[in-house]
Each structure stands twice: as C-alpha cells, then as structure tokens.
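Chains: A, B and C, in written order; residue numbering restarts at 1 for each.
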Amino acid sequence: MAKVERKSTLSEERVRTFLREMLLIRRFEEKVEERFRAGELPGFLHVAIGQEAVAVGVCQALDDGDVFASTHRAHGHTLARGTHPNAVMAELYGKLEGCSHGYGGSMHLYDVERGNLGANAVVGGGLPAITGAALAFKLRKEPRVAVAFFGDGATNIGTFHESLNLAQLWQVPAVFVLEDNHWAESTPEIQHSPIRDLSKRAEAFGMKVMKVDGQDVEEVHRVAQRALKHARDGKGPVFLHVETERLVGHYIGDPQVYRDKEELRRLQETRDPIKLFREKHGISDEELEEHDSEVQELVEASVEFAKAGTDPKPEDALKNIYA
Amino acid sequence: MPEVSYREAVRDALEQAMRKDDSVFIMGEDIAEMGGSMGVTQGMLDEFGAERVRNTPISEIAIVGAGIGAAMQGMRPIVEVMYEDFLTVSMEQIVNQAAKHRYMSGGQLKVPLTIRTQGGAGWSPGAQHAQQVEAWFVHVPGLKVVFASTPTDVRGLLWSAIYDENPVIFFEHRTLYGLKEEVPDELEPIPIGQGRVHREGSDVTVVATGRLVHEALSAAEEAESKGVSVEVWDPRTLQPLDVDGLVASVKKTNRCVVAHEAVTRMGFGAEIAAVVQEQAFDWLDAPIERVGAKFAPLPFAPVMEEYVVPHANDVLEAIKRTVARG
Amino acid sequence: MASEVKLPRLGQGMESGTIVKWLKSEGEPVEKGEPLYELDTDKVTQEVEADFSGVLLKIAVQEGEVPVGQTIAVIGEQGEDVPEVEDRPEEEGSPGPAREEERERGREASEQQTEIREPVAAQGNGGRVKASPLARRIARERGIDLAALSGTGPEGRIVAEDVERAGAAPTAAPAAAPAGEVERRELTSVRKTIARRLTEAWQIPVFQLQASADMSRVNALLDGLRSDDGPRYTVTDVLTKVCATALMRHREVNAQWTDDAILLFPSANVGIAVAAPQGLVVAVIRGAERLQLAEIAAARAEVVTRAREGKLQRADLEDGTFTISNLGMYRVEQFTAVLNPPQAAIVAVGAIVDRVMPEGVRPMMTLSATFDHRAVDGAPAAEFLQDVKDLLEEPGLML
C-alpha cells in the first residue's frame, strides 16, 4: 500500500493527547500481562498491544452521543473512549468498582454512559446490535453514529454479512471498523479468507469503503472523522478498513508457536504505532519519559485501586438478570 | 363485547401500542405489503408506513440483532420471526446477546425487545416448519417466555410483553389464529407471570399450553361425563412461571397432568412436573403424567403427523391413568 | 537489589509447568527479554524470557515440575547476596490461592443457601395426612391406618420407617462396661432409632402407678397346664391375656395421643419384649382379647423363635397398642418402663418373689404401669391397673 506522506496538521495539544492515550493503553496492557502472569487475574485476557492507534484514532473522533461495540480485545477501545483505568482494572479484578461491576470481566467491559455498548466474546456478536442502534438513531432522526469494531476473523461469520447487508439496505448511520491485523487467533488471513482484500466484502454489499494505515494514529483519526461524518450526514454506513498489527499473542500466555518469530520481531521494530508516532512528530526521550511516567503512575494506581476494591457478595450473582 | 380472532387480537395489541408510542415499531420478513405470512400485520403498513412496519431480508441473525440494538437505545422493537423453527438461526443473538447484556454490564443496559413467532402442527408443514421450541428459551436466564392460548390472553399478554423491559419470546400458535372469542372492549393488560384457570375442577389438574389448552378443555368435558372433575390450568407465561397458582391447583386436586404440543422428552412439562413434586409432594396421590409429541421429527404424511402430535384423547387417557392410581 | 524469577501463569488454567532446560547458567549476564529457560506446559514447550536484566545469580530449580508462582531463580547484580529461596509456592497474590479463596467463598455461600421453608403444622394441610408414597403403600398393604401414626419425616411426614417401626420398642437394657480398655461400640441404625425414640418418649408427660399382685392362682394355673407334649405356658402369656382383657374393659388405656385426637383402638394388640439378635424387640400378639391362652402361648412361641433366628416379619412388630415388659427372668423385682410411643401405656413386671403378707407368705409380683398423661387420666389408669391385679389374682374372672 502506497504511503501518502501528509503534513501533520495536529495541534501540540492533540499530539500530547494522542501520545498519552496510546501510552496509557500500552502501559495498561503491559501491566495486565504482568498481573496475569502473577496469577492475580482470573479468566482470559486479550491485550491490544500494537493496535493502540486504531482505538485512539477512532475513539478520539467520536461525538458525545455516538455508541460503539467492541470485541474480546476491548481494553484499548474502552480506555480510549474515556473509561478510567481504575474502573477497567477493577473490572479485570472482578470488583464491584469495575465498569461492569464484576459481572463481565475483560471480554464484557461496558460503559454505557460513554456509549460503550460492550465488549463481546462471540466473534461478530456485537455487529447486529450496531445496525440496530444506527436504525434507532435514524428513526428518531438523531445525529448519532453507531460504530462496530471487529477483526479480520469476524468477516467470515454470519453476523458480519447480515449486519452489513441490512445496514446498507436501510442506509443507517453506522461505521464498521475492520481492525485487520491479519490473524484470527492462530490462523493467518491467507488460511481463513479466499480473498486478499477484505474490503471487497463490504463493496459486495454496495457499502462505501475507506482504508487507512492503522499504525498511524493521525491518519486513523482523520479518516475516521470522514467516515463518521459520512454516516452522520445520512449518506449511509461506511466500512473502515484499518490495516494494523497484533504485536503480541492472541491471549496472554500465547506462545505464538504458529508465528514466525523473526517476522514478529521485525513488526515490533518497524510497525509499533507509538514508535512511529514519536518519529513522525519528533518527540524527544525527555518528553516521552514525562508522559510515560505519569501514565505508569496512573496504571500502578489502578492496580492498587483494584486490589483494594470490594468483592461482590456471592448472592449478587442473582441480581441484574432481569430489569 | 366484540368477537375477535386470535390473529386480530395480536394485531390489535400491535396497533394500539404503535399508535400510543412512537418508540414501538415492527420488523420481520414479509410483514409489510403482504401483512405477514400468517396475516397478522395486515393493514399495518397503510396505517404506520414503511419506516415503522419494516420488511426485512431473510436474515434472522440481523433482524433479531438489530432489534436488540434498537431496544438498547430505548426503542421498543417487535421482531417477527416467521416460524419458530427459525429462531434457531438467531439463537446466538437471543441467547448470548439479548439475554445477557443487562447482566454482563452489571445492570447498565436493558433490552426491551419482543420477538413474536409462531409454530404448530396439523397441516403437514413438515419437520422444519412446525416445531414447538419454547422449552429451550425457558432454560436461559435473562429471557422471558410467553405462550397465550386465547384471543383475550394473547392481546393482554402481548401488550405486557411489549412494555416489559426484558427480552420476551412471545409464542403464538398457528392453529389458533382463527379462534374467535368475545374480548373486552378495552385492551386489558395481563401481567406476565400469571397463570389462569380455564376450567375449575377437583379431581385432577391439567396444566396445558397453547393448542393443548383447547384439547384439554375438550378432554375435560368428556371426563366430566364419566364423573371425573378436571381443572384446566394454563400458565400463559412459561418464564417466569406462576408457581403459586400451579401449586394451589394441584394441592386442591391432588393429581396432575401436563400437556403441550412440544415433544414430551425434556419439554416444558418436565419442569412443571419437577416443580409440582418439589412443592406439593405430600399432596400428590398419583405420579404426574405428561402429554406431548412423540420423540420424532414431525413427519409430512398426514397419517403420521397425527400419530406423532398429541390430541384431546391423549389428554383424556392421561387423566384416566392418573385417576386410576392411588 | 536482586529479583526473584517466579514461574509465570502463561495461560488460563495453568497451575504448574515443567522446566526443561536453562538457557543461561549461573553467573551469566541476562538481558530483559532474552530467552532464559525452556518450559513445558500441557499445551506446548516454549522459551520463557527474562523479566529483568542483570546477572543470573542463582538457579533455584534446575528442572522438573514447579507450581505457578514459585521462585525458580534469582537475577541481580554481580556479587550481590542471594536471598534464601525457600520452597514457598503459596504467596500473597500468587496464582490459584488468591482467587481460590474467592471461589471457596462463593461455593460455601451457595451451600448455605437453603430455602428455609416454613414448617407446616401437621394439621395445616386440610386434614390430609402427610405420608410418602412408599409409606402409603406399606400401610395399604397391611391395612394400617396412617392417621394413627406420627411421622418422623420432614414436616411431620410419615415415611416408610415410621410405618414399619410402629411396633419396635425401646427398653432399658443394662450394659456393663468391660474392665480394662474402653471398648467402643459403633452405633447401628437400630440403636440410633432406639435412642431417638426413647428420647421422644421421654418427653411425653407421664405418670406411673404401681400395684402388687398375688400370683398364687396364676402359678397354680400354669402348673395345671404343664404337660410334656403340649405348648409351654408362661407368666407372660397369662399377662398378655389379662392385660388384653383389661384393655377391652378400659378402652381409654388402649389408646394413642395424636395432635388432632385421641385414638381408641378396637382391639388389644399386646406387645411383649423379646430378645432378638439385634437387641430387644417388641413382638405383637394381635387381637389378644379374642385369643385363648393356648393360642397366645402358641403365637408367643412362634414369634420368639422368629426373633431368636432373626427372622422377624414386619407384621410381628407393627400395630401394637400396649406393651408388657417383663424383667422377672432377671430377678428384677420392680422397675419403670419407658413408654413405647405412640402407645399410651406400658406395664413393667418384675420377678415373682415370696413375700410375707398379712395372709402369710405369698408369691408377689410387682406391676409398674406408665401412662401418657395426655391421653389417659389417673382414674381410668388406676381402674385399669386394678383390673389387671384382680384378674391375675382371680384368673377365673376372665372366663
């Protein structure tokens, strides 16, 4: 893919925000890995290291009333949308102070006030509801957009096809963000898809396609803004194909025996979104250190917060089943 | 009081809700111009327009899922799944998504979605078009399941389902659509979770749902002539179940037969039987009898279909068996 | 400062791993991120990277299976003191234990959550007797009136055991503790049942009456009936006949207390204590008032044989309305018997002992009767006992 060099139009404040947000996700995920290995976190965890720019770029472009649904790899989206790391970490620790109050865990992070309609453990499970949310916005004539995050693996499942078909048919204000990291757990894209360019699947439904390099947060942000505007203006849904890299295993502890280690190291060197951002904007070591140490403190504090949190009572399990 | 068919009663509830409330809309396959494969939504396109009476492509996953999404945003969508056999296609969205959003979010979300569907044998529709699958949904925490058997009940319960804040699977029965009865002038909402005594009796309680309510009433007449007094009790809502009503009836009669059109094995009747023996063990004079379809997919040839599916006579036989013991 | 290298949890559900090979030796420098050792988990063998940079000061576990969280090596600066690495697999925040404690709490809370159902009063069910299907069947097969029984099942439900044990009785049995070591006799279910029923019986408000009977006529009667080839007659047989007769004249004693009503039985089913292999049991002679002495003797002989052979049938033990406990053969002169619920009366008789009476030396037998005061009042009880004494002293009155 040809790389179009664009001059940065970001304000200094914006630069700082993007850097901090990405660093927050990075350090949070590293801390999560560390705490998982120490045996403190139950369940499974999937970290978004390498995909920070996608989360930050898209979420920074959302308006207040916009909603989104995420995947099993949801910490990045959740933090990027503004949920406090304390609430996220507490949820991973299963505490009442968690954003889902201990009921959901890593794969079911919700923050409805911020439009986060939930991470989903079923691949493609959240897409139909995004079509539905967008339908509601259209019926009520609200200038809001519903966004779905999903991976290349999800482009094979029934919900993907049905949701895109219906969204395009009814011209609802939705943006379908494909975080194409070229891996569905241990299956590389060439083994799960007969076609190489997954955006053709959206084209097959007649949907507008936009493409962007997912490791360039500025670009992601710019294109996301265009996509959201398109949908918000009533011009129909958009398929945003984001090329990105998963720089870690599928889940914490995944030894990635299926992956070429050399290739992985190369990607870690050359396609790290934070490194690339630093290079692009000439961010010095001192500046990085300043942001990094603040972020790390925040993350450390979130672990303390979570550990000191309140365990749900066993009988709380029977609440919140019915409204 | 006007005489209204079951079909008209469903439509009446839909229309009244949509008139009253902009947030209510319906979607499903062929519900617009055609008025639905069972004719339930006839005339509604004209009154409410295509935005609120939406024909959909054949995509049960997306139809149900879109319903979930719109419901989460505060609307009250009513999704029609043409045949309950096709609920299977959207199972993932119903079971993993609709039923669980509220719980997994720790109470942040509600999914006030109503899924209307129908099924029923008796006209040789074949194995994939006439199943009765309500038991599967009773088994999923987070869902409510309703199965009304009369026009008055279906109207009052559909209203309550639409206004319930939880996902409700609302079963209708194909062969009942033409059933007429006098209904009150005004729509009277019937609470979800409340059963009904269709016929009072003292020797045995027949718990019946859907078409089998009417078969049971028929059997009860016959039994009466033989000196057996049968009480017919319809739970109307399968989840949550009106346990108090059920137990009160069995404590009165000391015998229980449960009848449904669905396959007997692992059917809803098994749950009723378990609940009755747990809560009214000392009141039972005989084991609980179950009436349901034989354990086979539904055959096409009419002679075979009639063999598999339960009828009034099966209920009567069960009544006789339970009265003869103890 | 030296850092401990602990075995990491590399996957959900991983509890331990096997160290296959160290890729660095003690004393070698290590960079964070460099492969440090090879680990075998149940899924795969993989290289594990170092989390710290420094010198590999110590390898604590060379190879083999290690639980997650255990310290396996120490990395620090050259020349640093190596902290003692003890075998402490369980640590604060280490895998399993921290979350395991929560899981334990959840499990316990679930076990304790029993629905406490309001105990339903026995009569609070519309006059319906609570009995299990099995109990009903047994009762039906034997013509037993369930209403006459009290239940030991949940909420007063009559269960099979209650129907079967309607006749089994507890009696005082002296047990001598052996000298020397303390012997331990594990409780059999029979013994537990006896204990439970005795305790229940003890809680009944009772009163006791005593009388002594001159047994000269009875002795003479028995002597006269003694023959080589006929059945053997015993004092107990006579007592059985006498009590049965008296019970028919004093129906209020042939009774049972229930919460709803006092039940008076039409027939005297007299129970006599018999030694069976499993302990003392009360065998019932049914309808004793209608039986001739010979029949009573025969029935008693049969049932005693069955008891001794351990072949007692349910019918032998059920439906008793009154019990005679006779410890005379042990030369006990007088004792008080504990009621045999649900019966309202029991009589304890002792040995026939020659006593000096105003009339001269007479063979005297002491009778101590215990009555359930809820069902029987003093006067009828006394009249009953009076009758028993009179009939013993003048058996001809029975004919």
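In this text, a residue touches a chain if its C-beta (ideal position, glycine included) is under 8 Å from a C-beta of that chain, and two chains touch if they have at least 3 such contacts.
This is a predicted model, so every value here is computed, not measured.
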Topology of the chain contact graph, where touching chains are joined (line, ring, star, complete, other): complete
Far-end chain from chain B, centres as C-alpha averages: C
Between chain A and chain C, centroid-to-centroid distance (C-alpha), Å: 64
Interchain centroid distance [CA atoms averaged], chain B/chain C, Å: 50
Euclidean distance of C-alpha centroids - chain A vs chain B, Å: 41
Contacts with 2+ other chains: residues of chain C: none
For the chain A and chain B complex, residues of the former touching the latter: 67, 98-104, 108, 110-113, 117-118, 120-122, 125-137, 139-140, 146, 158-159, 162-163, 165-166, 169-170, 319-323
Chain B residues touching chain A - in the complex, by the definition given at the top: 25, 51-52, 54, 56-57, 59, 61-75, 77, 92-93, 96-97, 101-110, 112, 141-142, 144, 165-166
Residues of chain A touching chain C in the complex: 36-40, 42-44, 94, 251-255, 257, 311, 313-315, 317
In the complex, chain C residues that touch chain A: 6, 8-12, 14, 43-44, 46, 68-69, 93-96, 98-99, 102, 105-106, 109-110, 113
Residues of chain B touching chain C in the complex: 281-284, 326
